[in-house]
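Quick notes on the structure that follows.
Chain nomenclature is as follows: A, B and C, assigned in order of appearance, with residue numbering initiated at 1 for each chain independently.
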Amino acid sequence: MTQALLWASLAALGASPLPLARGADTFAVHAAELWLGDGQRIEDGVLLVEGGRIKAAGRGVDVPLGTPRIEHDSVISAGLIAFDCAVGLDGETSEPKRSVLATGRLIDAFDASAEGVAAALSEGITTLVLTPAPTTLAGGRCAVVKTAHGTVLSAEGLLALSLSEEALDPNRYPTSPSGAMTELERLLGAGQGALPAAARVAVLIEAPTRDDVRRALGLAERHGLRGALSGSRRAGELAEAIAAAQLAVVVGPFASGVAQRELDSVVALGRARVPLAFALELPTRHPAGLRLSASLCLRAGLDPAAAWSALTSGAAAVAGVQTRVGRLERGLDADFVLWSGNPLDLSSRPVAVFVDGVRAHQRGE
Amino acid sequence: MLSLALGLALGLVPRAALASSTPVPSPLSSAGPQESAPQEDAEGEVLWIHAQRLIVRPGEELSNAALLVRDGRIIAVGSDVVAPEGAREITGEVACAGFIDPWSVFGLEPEAAGDERTNAATRSVDGIDPYLDPRLRQQLVEAGITAYRLQAGTRARLGGVGACVRPHPGLPPDEAVLLENCCVAASVGITRGERGQDVFDRLAELDRLLGALSDAQSYLQDQIEYRYELEEWQKAITAKEKELEEGFKKAQKDREKEQQEAKEKDKEFKEKKYKEDRRPKPPRYDAEKEVLARCVSGELPLVVEVHRVAELRGLLEGTQSFGRLRLVIAGATEALAVAEDLAERRIPVIVWPAPQGRLLLNGSARPLEYSEADPALASRLEEAGVEVLLGSGGAFPSGTRELPLLAALAVGYGLDREAALAALTTRPARVLDVADRIGSLERGKQADVLVLSGDPLATTTRVLYVVCAGDIVVERKE
Amino acid sequence: MILGLILSSLLAPVAVQELEGNSWSVWADRVYTAAGDLLEGAVIRVEEGKIAAVAPGGSAPAGALRAAAVTPGMVDLSVRLLSGWTGVEHAREVNAGMRASDAVELFDERWKAVARSGVTTALVNPPDFNVIGGLGLAVKTAGGPDGAARELAPERVVRGAMGAQPSTRNHPAFGRPEDLYSRRPTTRMGVEWEHRAAFYDAAASRADAQRAFPGSPELLRVLDGELPFMVQAWTTQDIRTAVFLKEEIEREGLGRPRFVIDAAAEAWREPQLLVRSGVAVVLPPFAPLGRTGEDAFMTIGSAKLLSDLGVPLALSAHGNTSAGNSLCRQAGWAMRGGLSFAAALAAVTITPARLIGVDERVGSLEVGKDADLVLWSGEPFEASSAVIGVLIDGRIVLDPRAGAEQAD
């Protein structure tokens, strides 16, 4: 009997076809280098997956006999997280006739089978944060989804606010930043009820110019807001103030031809220890742009640990889903990527991507 | 012992060694390949560059080796090269040849880069603005680019004559130009202005290009014939003169007699005309045809930007009859369909390995010349046997700075690592006819060297030193 | 002489400080404090951004900050850098509660030029596209991150406007599709009506809390005299309207407001009205032929005329920083029209500071006030003098030392 089991497990070694159905199946993955997240890297690590979640991760993991095993000769890490995506929404990201649509949920418009989602998956991106367009003062609740199986991590995520000029319309209230700020103060003020109580919900504030960032910081201070700023190209010049307000910043997307000043701003934010995340703007940009943004920041001097955190664990914390994704830790979802080399290096590619413990993408398919 | 070895090395260095293709001196420009006598300048600084991994050329690596640079040239390469006294010593993890971008618009005046009304005789080197954007220039060099093909009129039907130049911030403009007339550029079927074009317009453009080439070929024929006829005429004149000289006295008497007769009879005296009086006429000078004739004769390569299959096929068929034409395809988004032909005819392809969504990599709207851009194009073409070069698309000046990152991305999409490095160094040098001077770390070539902290294509690698024509232009103190 | 040398050596800090410091000594041949006295051959000691001492001093050591004359930093009550359409909320015509501090662009590059022209404190108002635009705020023209402007004090005035400008883009409800701008006022008459309605309704809300509306608390503060009401009125008829509005408010017992009339170009025509009603006046920039904005005509003697009658007077430059139009040139023009130097200096320093209530911090060179100094190459406001140095809160914004590189 044990011999049969032994043969069975031997047969299961190597490239065994994995069960496709999501569920209670258990398997182990052995990696030459396992990136647990937050800077921890383990050589010859093992990841044990059960029921779509990580049961154990590290060295010397106790793998039960007979568990199917996958060998990977390079790096395995958590899946990447991209902000500011509008893929699968078919352009329906704004309701410009109303200036406030705080309870609108972007998830209601999401189509998981859209093409761009699969493209993102093949680049190692396992989580997308869908954000409304910045054309409304309070655009709605962001959604956090996975790039496979249509899994929804958060249907009511960050509350999207916009201080940008695009949210102003000369034909409806508010037509000016003063009107916008007055309206936001009124809605965020205690007892008004139109916006969820600020203490419970995190916000994502679109603040393109430095003056917008200044206004956002004022707003955050007066109402005790937590969350992140996005869309700013020179936020790094106010890095200390942002760090003091304990807000994160969503930076990018950066592409070929980006001004050096924008990259310097990101490096300044990194030095001030402001949590970062990268925006991708799917589907107008190619999903490879996520790691390209990170590479450009790295080349400009961003600390590699900060860059990696901005792609995984830090981004998950900003999106509010750190209890589900972003690290390879017991209890978190089994979303991980088998890379062909160092994931921060552009010459590496995902060999396979697992979402919820099921292989969702294999290179070459 | 050492000085003896050095003396031997110096004495044995040939002037133009290791040339895989010798550029033909062009009648258009006064300067040929920049061959200057090794100047005995006052400094005579010697550089000794040592690396754990010295990449002489992709596929040929020396470990724990060094190279010696003097007066801007590499005079010795090997594991046994030691630093002479007084030499400036540089060490790093990896040393390789500087990168060359074969498809760039950096350094041109902005209007020149986007000019759509250039013709074949336009010279890109005339449009250089050496004071433009010094910060970007410095960033370019810090990224490792030590030479690039400069092309004006990248969106024009005939972009004119491109040049191979260095972005070296310190060099005077006339020394920065490696090769003034390096290639001729053309484009078929791309979007011009805001409008796209339909298939008939695109094919008409292709016909026009092929027509221009055959006109140039006839022009070349005419020139050759003219030269032949001129020779023949010279011979005939000399022969006739000799003949006439012999019977000179008699002929003189005959002439006087005729003159007398004409006067008596009150008739007009006509001078005797010989058919040799008629000098053969040279073909009418046409600047554009001159340039294209040099393409047709194989002197200058012709770089054509073309994307779609129909035009690619038409181009390949149409240029088959030009036996000596050196064709290079740029863009080639749908070239997989004709990859076999390209491989067979050994036509190099310059690929811009940028991943594109609905927007271009720099945020501008994607032009309509192709419907899908496959980021794995470079690797697929390479697998099919086509010689692939990597360029920055000629779309905007700062694209050149990101070329090494894009090359890394191409490697990620399957391009062989060695091929990627070759696509940045040896292959563009060869295609642009400057391989005798740059492209690899070999004895006799000019010293364009990168000293890095890791693999040249890795994102986390830091560029420690950049040596351009023997001068250290970038020095990172870390 | 030896004593002087010893004294100066005791007083003089020898170290050359970097651009970042906010403690300096400034030597000047003449110091005009705008607090009533003139000091010759003085040194101003600045410590931690405040004025610590103004005392007689000797000759300046090499490399120190020195100038022919030093005045307090100038205060401009109408700098108009917030002038775009989005500077003020258009959904309502009366927005007394909205704040210009939400719309002001402190990172605007133009602040640097304004600071270097000698204006150290500015009042930023919402642009005058509305009847009552909102609350203006006082800023220091430099001192924020990256050389940006910095908030000094919020909510200094309530801004209003008379005349034709507030009715721009409004149209009557009939004949066109309805949109945000189908409303009154469409005429001068309507503008004045809106002003009176706003003040009457605000006064009514004192008694009846149900009648409060957005902005009524601020209008009540105006009626109580706590916040000045700064109203733009270029032409004679608009100035009259503003004055009559103030007098009506007082007569009807609604309150005792303080009015400041901005851009009062034609104030010279009926000065007795201004004296009688006790309003203060801010003059717009002088124009070469007298024609200023909204086709009003301003004489060059306006400043002298009003000053002689005792009307509180301030000069403004509307954000101009060119050599011929900056605030120091406006003072020069006013002097050419007959205004005395002391009055001109007061009109660009202490009087505007007092009008908006920041005179405890700025406006004159007195111990304890902010170290906002302007260093001149000759007599201030003369056409041949230039502003060679500016300090704001003790930090150098324009460096007067020869060969110094200006911080970008």
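As a working rule, contacts are C-beta pairs under 8 Å (C-beta built on N, C-alpha and C of every residue); 3 or more make two chains touch, one makes a residue touch a chain.
In this text the structure is predicted, and so the values were computed from the model without any measurement.
Asks: What pattern do the touching chains form: line, ring, star, complete or other?
Replies: The chain contacts form an open line.
Asks: Which chains touch each other through the most C-beta pairs?
Replies: A-B
Asks: Taking the mean of the CA coordinates per chain, how far is chain A from chain B in Å?
Replies: 45
Asks: Can you compute the centre-to-centre distance for chain A and chain C, using the mean CA position of each chain? Integer Å is fine.
Replies: Distance between chain centres, rounded to whole Å: 48 Å.
Asks: From the C-alpha centre of chain B to that of chain C, how far is it in Å?
Replies: For chain B versus chain C, the centre distance works out to 64 Å.
Asks: Would you give the residues of chain A that are in contact with at least 2 other chains, written as numbers and ranges?
Replies: As it turns out, chain A has no residue touching two or more other chains.
Asks: If we count contacts the way the header does, which residues on chain C are in touch with chain A in the complex?
Replies: Counting only chain C, the residues touching chain A are 85-91, 95, 97-100, 102-108, 126, 134, 145-146, 148, 179-180, 214.
Asks: Provide the residue numbers of chain A that touch chain C in the complex, in ascending order.
Replies: Per the touch definition, chain A meets chain C at residues 165, 168, 170-182, 209-211, 214-215, 237-238, 241.
Asks: Along chain B, where are the residues that touch chain A in the complex?
Replies: Going through chain B, the ones touching chain A are 135, 139, 143, 354-363, 375, 392, 396, 398-399, 401-402, 405-406, 408-409, 411-414, 417, 457-460.
Asks: Considering the complex alone, what residue numbers of chain A touch chain B?
Replies: My answer: residues 116, 255-258, 260, 282-289, 292, 295-296, 298-299, 304, 340, 342, 344-349.
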